[in-house]
Structures are given as structure tokens and as C-alpha cells.
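Going in written order, the chains are labelled A, B, C and D, and every chain counts its residues from 1.
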Amino acid sequence: MIGSGSIARAHSNAFHQVARFFDVPFEVSTKVVCARDQGKLEAFADRWGWLEKALEWQSVIERNDIDVVDIAVPNAMHAPIAVAAARAGKIIFCEKPLAVSLDEAAQMTTAVASVPNLVWFNYRRVPAIALAKRWIEEGRLGEIFHFRGYYFNQSGVDPAKGKTWRYRKSEAGSGAIGDLLSHLLDCARYLIGYVAEVSAMTHTFTPNREVDDAVLVMARFANGSLGSFEASRFGVGRRNGLGFEIYAAKGNLAFDLEDMDRLEFFDANDPPPLQASRNLLVTGPDHPYSSNFWKPGHLIGYEHTFIATLGDFLSALAEGKEFHPNFQDGLEVQKLIASVEASAGSGLWTKT
Amino acid sequence: MIGSGSIARAHSNAFHQVARFFDVPFEVSTKVVCARDQGKLEAFADRWGWLEKALEWQSVIERNDIDVVDIAVPNAMHAPIAVAAARAGKIIFCEKPLAVSLDEAAQMTTAVASVPNLVWFNYRRVPAIALAKRWIEEGRLGEIFHFRGYYFNQSGVDPAKGKTWRYRKSEAGSGAIGDLLSHLLDCARYLIGYVAEVSAMTHTFTPNREVDDAVLVMARFANGSLGSFEASRFGVGRRNGLGFEIYAAKGNLAFDLEDMDRLEFFDANDPPPLQASRNLLVTGPDHPYSSNFWKPGHLIGYEHTFIATLGDFLSALAEGKEFHPNFQDGLEVQKLIASVEASAGSGLWTKT
Amino acid sequence: MIGSGSIARAHSNAFHQVARFFDVPFEVSTKVVCARDQGKLEAFADRWGWLEKALEWQSVIERNDIDVVDIAVPNAMHAPIAVAAARAGKIIFCEKPLAVSLDEAAQMTTAVASVPNLVWFNYRRVPAIALAKRWIEEGRLGEIFHFRGYYFNQSGVDPAKGKTWRYRKSEAGSGAIGDLLSHLLDCARYLIGYVAEVSAMTHTFTPNREVDDAVLVMARFANGSLGSFEASRFGVGRRNGLGFEIYAAKGNLAFDLEDMDRLEFFDANDPPPLQASRNLLVTGPDHPYSSNFWKPGHLIGYEHTFIATLGDFLSALAEGKEFHPNFQDGLEVQKLIASVEASAGSGLWTKT
Amino acid sequence: MIGSGSIARAHSNAFHQVARFFDVPFEVSTKVVCARDQGKLEAFADRWGWLEKALEWQSVIERNDIDVVDIAVPNAMHAPIAVAAARAGKIIFCEKPLAVSLDEAAQMTTAVASVPNLVWFNYRRVPAIALAKRWIEEGRLGEIFHFRGYYFNQSGVDPAKGKTWRYRKSEAGSGAIGDLLSHLLDCARYLIGYVAEVSAMTHTFTPNREVDDAVLVMARFANGSLGSFEASRFGVGRRNGLGFEIYAAKGNLAFDLEDMDRLEFFDANDPPPLQASRNLLVTGPDHPYSSNFWKPGHLIGYEHTFIATLGDFLSALAEGKEFHPNFQDGLEVQKLIASVEASAGSGLWTKT
């Protein structure tokens, strides 16, 4: 693993925990962790049980005793590491968003074509979101009229934040777009399908900030659904406020990540006097991943989305099946990001 | 109508509004209002469209041009007015609780035996509660295991409140018991049935206060259900916090008066992965009173429970049917109150 | 009053009830109601206490014993009645949206310039919305970053609905835009201020339907706030789902009309461990209109927004003050509607 | 560790995870797991990373290379193991409830007096409950009037369940009392303090079942607070429905384990128009354990309560401080259970 920040904690945890909750046909070993700051690296490796430490990722990426390279560093570093790791024939995991530009994302995707790969759009494995997907695929919702996605946090309000890499265009690529909207776009693709065209606006509330603080998007999906996406780092009061509402012919769904073990479901097939939103606690029985973790009624949290992502990846790997979300999914999101940025610049509807 | 306090406002409103929302086979005229304080009386009569005013209830109760006497005064005055009005052959409406003692309630009930009568346990006509009743009667819930009722407000916390009639034993009869618990007991009888025995405790937090501030009750219903009731004027943060939960073989229900247009319903007949509480907005279609008031999705409030009570009474009157809740219901609640008080005094289980 | 449909019920009720809850320095008399269908008219007039009935609005609009003309008919009829009533010097009340076109709205507004006038954007008087307005004006929210408004119902899903006037362009002017979005636009103007430019899309899910089923809007307010508005008659599961979220420097607000007695408020001035959304029951004390209606904790509903609108209008009239929302406000909303329609047609950002 | 059931999973997980989230001044090694069923034992040990397996707990309990014995077996086995482990000088962890009788609990507590010990009342370490405790201790709530605890699940409804050990008196000691009420009683002691007297009722809905299905308790705390506790395995629709409400002089609190990352807080010190329940997401900043786990806004779940319990125990051990909840706390709960059972039998108030 390359990286020792907060997302690297979540990845490390997943590596240790995956075999507790999933049938894993591999032995997962947390071999080497790389980071540039020696002090932090030592502390991180000790805390998270990494057997070795390295200051330079280049030094380890071609080692024969390493099968997987996990990229958990700022966005601008994703491409060089992924390309090098692919060249070395490694399995590659990469944090989202895939890259800082569409070109880069395309090059990376080409580079990894021959190795198994994964992008950490971990929210696909929130049980409530996986359940929404299952129900949509089963036809329980019918034709989908509206997908309304949002992702609000308040990370941008503090002007001092401008000094971290997430606020520098060269390192992050974008602001709320890459950080927040990318998750929404992946959810939308996963749940609804192909986004055909977008009209977007972006705004930076903070003077002299290089990246967008907020982005709004109107969209048409290829299947005729209408979409709206709104992401902002100026959502005062929200900590990790990703969510969506879906209105469809046979009902509606609502989800919010700050109540991630819940899914609201309105079933239009119920008799009229019983029609109402059900507030489902999706910890089982018969909910996605409910047999992996604890008993029904016993909650799971943020970290379990990484564990489930990894569990599914390893199963797919063992079975020789394609895993999603992979670099191709990451690239599709990057294409949407490029369309969003183009539309926000031109003020015009943009085909994706 | 005798009375010009806040409850008299709600009654007056119902008299004016009932024919807008219900098919009323009578002409309702707000003839005379009686109250002791001339200034207040004038203002009240003007505001609420009463044609005449009187300072003494005795002066009007036998008038031939009056058909109904509505009692909206402190509890201790209920009995003399009701008995006199019954003697005069009037239809009688009376605020809850019926009386300050079981003896008085029994005498009143005997006195009104030959005239149509009503006790304003208005919450039976909250659509959500009426819907709970309907479903229980239809067998939708199955055997009921638990009824958990509560009624919290914060009216007792302010020591200055001790000076109003509601805190004097002679005028109110009791504190939280008559004021709050009586509503719960009526609901419990209405929804579940006969309460067979109770064990209760009362407490007065405020030094030198004559009446109870809080009351807790455990109960066995005749049908085998278990009951718990808790009422308190020390429920800091609650304004009008009456509610209940019902756990039954086929599901559960939850209601809270501060969200009175809602009923939570868990249907155990749903397939397991769909089992969850539905948050029903009971404004229609096909909910109690939903065809009387506004269109589905358009809320009603506190006053509509009085209007619906009156509407149903007048229909029953026209059709010669027995109306509930009547003085007999008020008496049954008074019996339960007496049992609660006896048990709280003795520390023993008390048959009702 | 011209009209006898469901909105005419709500108006009638307000005429009868306003003096119960507001100090009204006028005598309000429900003099004449006009409608074309004699049977319905009779029933309506009886039910709602109108003293006289008329089949032709022209026959009564100039009567000397009439001071106010209230227009509660389909949109296309608003203009001729309003213009005639203005010419006759009457006070004019008009249902929203003001007109079926901007031209018409402009003519009407000019016509009524010399008479007191009102447009029934009743939701401004939902106590929660009035409270939001108060707090924004007091500066409690600080700079506003995002206004996200939505209005969903499911009225358009049933294809049979296409036969009512609301689905004919000539009578309604538009679909979700005039019916639903107009309320949102009025709220946005009321709460946030001038909308400077919009980018919009509309969609009609139902084949051969003349009017829009759904509309999405991105907006920039003159004060720098970002806006998004979404209105749809394909919001399966929502009955009257108008709501908004406001994110601002000092906190956030959330409101939903299906819980209209509530306002969610996040106060960023709270100490960090106490920061959370407060779920305010806005029935007092010290909330808008809480001294007019019932005691704190006792809910009000849909009809009270009309009563409060009328109460405020009559006070303003007595005091010679300008009332809002009036025809000028209705015209401003109509301008925004025209911009939304223009943008949806061109795919371009449109200055308002 | 003795045991390989579902609770043993949660304990195992805590042993592995504690050093990731807490500064642990010991090396935690999952040395030996004991269980009687060889097949299950193998699978469990593999899955949960136990280095050795044993079929008989007696064979390992005195081994010199073992410092801690963790008891995760049915209630009736707690005493012999705990006593033997104490004799061998081991640190002892024990599942709740401590024992199947008060006598046994007293003997166990005496036996472990000289060794560090812990009872897994894990819910004390739910961040929301720990926060409630902090605030009560700081005086933020003021005098506490009411503690209302409940614990509902639906485990008893299925008659087939009667065949597991939890429904046999000899192995479980009691039904809902030991399984559910014990958690509530520990919470009540932790949050409010000493329970002075109780009046209780129990009920078994299922014919021929040896243990109680439901238990209701009214209580007086030594500090004057009133308590009510209700626990039932017939709470259809609830999976793990532990919760409480606390009404106090300066506000109220509400908690429900099925939304365990939330705490509702009503602050009576807020200005009246701002008074409302805050729906706190207790993932930080400045909430209990929020610096241990993930970033604010990122949820934790069931397993983290065990991890935090263990983390706190190990810190206390290193610092030579007394840890709670220990066997003494388990014994105090057992005393309350005995009083509850005595009162349910006699129908009388029982001093504890």
C-alpha cells in the first residue's frame, strides 16, 4: 500500500478484516506500506500491522513477493503509480477519483487492461445501496423518473483548509467535483445507468481558491430518467452527507450515508391506505452482506464498505469474474467529470 | 356552553366548523355562552360568535330554546352542571375527566342515562388513532402483546403553576392522573379493551403541591395484553406528548400526538427483507376522516379532533345510535383512575 | 368568490375563520359565490355558508355591496376576472399562478395597480417558513450558500388525469411549472431574494401530454447564493411534497410541507459536540402565528396558511400598508417562469 | 476464550481490533479458543484467527502462557469457569448476565476479588450512552425526573426457539430478564445511579415455556428519580431495540440502539423558540471514542462497543485503575434481577 493518511487506515483495516467476514480463497498479508514521512510511516505501520515500511514506492513496486499494489495517496500520484504497477503485472487497487484528468485516466485504464483492478468507490457496497441496486435490477421500482443525488460536507468553509492538497488544482484535479461528485456519479451509473448529457454549474465561494467548492448538475440518462446532482463543501452541518432519492413508477427510495444502515422505500404496490415510506434497517435478514457481518439489528459502519468491496473483489478474482467498480468504471466517471467541467465552463448542455 | 377558557375555544370552533366538513342533519347554533368574568365573557363571545352571554349557568340551563349543554369548566364543576342539565332533559357534552371522584362520576352517569351524552375524549378521533382502532378490529394486528402509552408535558415544572385550578385537589381531583393519564386510559380501553388489574405509583416532585406530578402504571388487560402507562407534567421538552406503541403478533404500531398526522406501522406479513416501520401520512386516501377534511397530503391539526367528535356524535344522534365516548366511557375511565389511585396508595395490584 | 373547486373550499374556510384567530378590523361576509354548474354551486354554497349564488361572475362583479373579488378558478380565467374586478375598483384576491403567460400577468398587474390585491401563495404563512424568513432577516443564518427547493407529488402518473384542465396548455399555461414550481419560486424569492439567472430543463413523461410533467432548474441569486429547484408530478409516493434545504454560513434549515409544523435547524454557533439538527415543533412559544392559533404543542394544518394570509392582508389593509404576496409578486414569479421556459427551450442560461 | 457462538465472534473481533483504535500497552494474542463441537471449533478458530483450539476449557485454564480467560458461553457455565479461572489467577472477562442466580453471582464476585475482571455490558461504550453519562455527570441535565428504558426484540415469538439454551431455566436462569432487562438495569445504574425499590411483573406468552417472555418494572432510584423498564422478546418488528428516554430539569435525552450513532438531546437552556430535540450524530468531534475510530460523519457499529470496552479495560489495567463494568457491577445487576423476580412473584414493592 502506498499512503498513510486517513483513507489508508480504512484500506488497512479492510485487509485485516476481510477474511473474518468473507470466505477468502487467498491469504491476505499486509506486506509493505510506503510513505514519505518516516515518523508517520513508523507509527502507521505499527498501528496497522504492516510487516515492512518503505519511503519510496518505486523501491517495492516490482518486488516478486508482492501481488497487489494499493494506491491511497493524493489524486495526482495515482497515474504514475498505477502505470508502474501495471507494468510490473501487479493487481491494482486505486482510491477515487481515478485521476486528475480524463487523459490520465484513459492512459491508466489502458495500462491496467491486463491486470485485475479495482477503484475504491466503496459506497457501492453500503448494504442499502446494494439493496437499491438489487431491487432496481429485479424491476421492483419499475421505470425510473428521477434520480436526485447530493453530497454535502462542510470541509470547505474553513479558509485554512486551502493549504491542503485537496485544494490545489495540480494535486487534486478539482474540488467538490472529484472529492464528492465522483461518488455520486458512480452511484448514479451503478443504480440508473448511462448518463447521456449534462448541464452543470460550479462555484467557488472562497476567494483565491483554485478548485470548485460546489457543483450542480442536471442530467438526462440514456434510459430517459432525469438526474440532478449537487455536491458542495459548503454544506454547513453535514459531515458526510451523501444521499439520493429515486422516484419511479412503482415506488421511491431514499438513502443518506449519515444513516447508512437505513433505506427508505415507498412501495406503490401496497394498498393505498398502507402506502408510506418504510424505514428499513438493512442489517438482514436477506439484505446484501447481512450474512457476512453481525446479526439482524446489529449495525455496521463506514469501514465495512471497504471490507465488502475487498471481499467481493477477492471472490471475483478467484472465480475469474470481472469485478466492478474497476478502472473502466473510474474512467467512465472521469468522462462524466470532464463533461460536467465542460458544461460548467460553456454554460451549454454537453453530451457525455 | 359553560366556560370560556382555552378548551372552550376548541369547542366553539367545532360548533362552527362541523357542518363544513360533516353532513350534519341539524342546524347547529352557538346560542349562549356562560362565564363568571364579564370582561372575558364579552371578548370570548365576540371572538367565537356566541349570540348571547350569561354570567350564571343556572340562568340558562333550562331554557326551552337550548338543546345541548356543553361543559367546559374546571373538573369540580362538571357534576353539578351535568346533573342539572340532565334533569332539564338536555343533551350533554362534558370535558374530560368526567369528575373529581368515582362517586361523582357514577352519579353523573346515572343522571344522564336518559339523555344523549358525550365526553370530550377527543383523541379517539385523531385519524391515526381511529385507523389503529380500525386495524385492530379488522384483525390486522392479531393478538396484542404490549400496549405502551405515555403522555408527557412540562406544565408542572414551573412552581408558579401551582396557583391554577389544575393544581388544587378540590377543583381538579388529581394532577397528571386526571389531566393526562385519563386520555391514555381512554385510548387503551378504546384500542385494546378492558383493563383487568393495575399496579401504580404516583409522585409529586414539587414540594407542597396537592396533586400528583407523575403517575406510572403496569396493567393486565382482560384479553391477556400487557399494558404500561406513564404520564407526567415533568416531561421537560414535551408540549403535548401523548403517544403509544403497540406490539402484536402481526406487527406493531406507534403514534405520537406531536406528529398527529402520522402512524407508524410495522407489518410482520411483509416479506422479511421488506419488513420495516412504515411512516404513514394518514391524510388519505381511505383513512378515517380523510374524505371529510382536505385532500391527501394536506395536514389537519388539533381542532379537527373536536370537529370529528362532534360530527360523529351528530350522525349517531340522527340515526339513533349510541355514541362513544359517552358518560359511561367517562365513568369507566374514572373507575380505572380510582384503581390507579388505590394501587398507588397501597403498593398492591388492584383489580378494576 | 368565483369558483367552487377544492381551492375554493380552502378560501371559503379562511373567510369564515379569520376573525376567530386574528384581530380583524372589518366584518367579513361571504356574500356571493359564482360557478357555472348549478348543482355543484348549490351544494357548495350551502356547505360553505355563502349567502347568494350566481352562475355568471360578470353579473356580480360590479355590485356595490361587494368589496372583494376572490378568484379561485382555472389559471386562464384569472386575467379577465381580475381585470374586470380592478376596473370595478374591487379589492382582488387571486389564486396562483397569477396567469398563463407573462404578458397576461403584466397586464393584470398594471390593471390592479390602484386596488389592494393579494395572490394566494399561501405557503409563505406556514409558520415554519415564516420563521425561516424571520431568522434569515435577523442574520441568524448568515451568508446563504445553497437553497435547494423541491416540490413532488404523484398527480401526473395517472394518464387519465390528462383530461382535467390542469393538463391543457390553454387553460393551465404549463404543468408542473405553474402548479408546483411557482410555489417554490415564490418561496425562494421570499426567503433568499432576487433570482438573477437560471438554467432549466423540462420533461413530459406522458405521451401526448401538452404540459410539462417535471422541471429542473439551476439558479444564481443576485446575492451570490446558488439555487436548485425541482418540481415534478411524477414524484411517486409524495402527496404534497414541497420542501427546501438552506445551507448557510451559520447553519442550515430544512422544511417539508408533509411535516408542516416542523422546521429543522442546525446552528453552527452551538459548541461542536452539541451541533446537530434541531427538530423544531413551531407551534410556539414565540413562533410566527403561534399566538393566533392553539397552545404550543397543538398542531395546525393546511387551512391555517390561508387563514393567516387573509389575517395579515386585512391587518395591512386596515393599517394602509403594502401586503405581500401581491400581484407584483405574482408577476415576478411569472417572469421567472418565463425565464425557466425560455432556458428549457434553448438549453442556455437565461438572465431573468 | 471459551465459546464459539455469535457473541464469541464479537469478542474475537475485539481482541484483534483493539490495538488498531486504542493505544494498548500490552500485546494481545488470541491464544486458545475452547468449544465442545470439534467441527464448529475448527471453523471458528480458522475464521477468527485463534492460534490453538481445545475441546475442554479445564485443559487450558491454568496454562502459564495464558493471562486472560474470556467466558462467552451460556449463562449457567459462567460460574464454574470464572471461579476456576480466578483460582488460577487469570484476568477474567465474562459475558452478561453474570450468573443464573444471585447466590452464584455473589460467589463469583468473591472469587474474582483479587484478579482484574470485566463483565461485557458492552452498551456502556456506545458513544451515545457514554455521552449521556458524561453530560449527566457534568450536570448538563440537572435533576433527573424520569428514566424510561426499554428493550424489545422479537426473538421469543417463534415457538421453535424454545429449544435453545436461552429458553431453558437451568441454563439461562431467566428469559427476557437476564437476556434483555439486565442490559437496561446496567444502563440505569450507570446513568442514573442506585435503584432503591422496584415493583415488577413478568409474563410468558408461550405455553410451557420455562422462562419469562416479558418483564415490566416500575422503580424508584435512591436520588428520587422515577424509573420504568420494559423488556420483551415479543416486540414484533424490533431486532435489537434497546433504548431509553431521560426527562430532567434542564432537558431530555433519547437513545435507541437501532440508531446507535445518534443521541437526541433537548436543551431546556436554549431560548424558547429554539427549544427542540437535537438529533446528534455522535461521531465527533468531541464525542466519546470519536478520536479512536473514524472521522466525524463516518459511522461505527455494534462491534465497536466491544472494542471500546476492551480498550478501556486495558488502559485501566495498565494504569492500575478500577475498571467498570466489572463483576461487582454484574453482581449489582443480579441483585436487581433478584428483586425484580421477587416483586413479580409477590406483587409487592421490593427494596433492593
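In this section, contacts are C-beta pairs under 8 Å (C-beta built on N, C-alpha and C of every residue); 3 or more make two chains touch, one makes a residue touch a chain.
Please read all numbers here as calculations on a predicted model, not as lab measurements.
Participant: So, comparing C-alpha centroids, which chain is the farthest one from chain B?
Facilitator: Comparing chain centres, A lies farthest from chain B.
Participant: Contact counts by the stated rule: is the higher one at B-C or C-D?
Facilitator: Most contacts of the two pairs: B-C.
Participant: If you average the CA atoms of chain B and of chain D, how many Å lie between those two points?
Facilitator: Here the centre of chain D sits 40 Å away from the centre of chain B.
Participant: So how far apart, in whole Å, are chain B and chain C when each is placed at the average of its C-alpha atoms?
Facilitator: The answer is 36 Å.
Participant: Quick check: how many Å separate the C-alpha centres of chain C and chain D?
Facilitator: Their C-alpha centroids are separated by 54 Å.
Participant: Identify all positions of chain B at which a residue touches two or more other chains, and write them in rising order.
Facilitator: Correct list: 238, 275, 277, 281.
Participant: Which of the residues in chain D come into contact with chain B in the complex?
Facilitator: The touching residues are 145-146, 148, 150, 152, 157, 199, 201, 203, 205, 214, 216, 218, 220, 224, 226, 228, 230, 232, 234-238, 247-252, 266, 268, 275, 277, 347-349.
Participant: Which bits of chain C are touching chain D when the two form their complex?
Facilitator: Contacts found on chain C: 131, 265, 267, 272-281, 285-287.
Participant: In the complex formed with chain A, which residues of chain D make contact?
Facilitator: 6, 9-10, 13, 16-17, 19-20, 47-49, 153, 238-241, 258-261, 281, 283, 293-304
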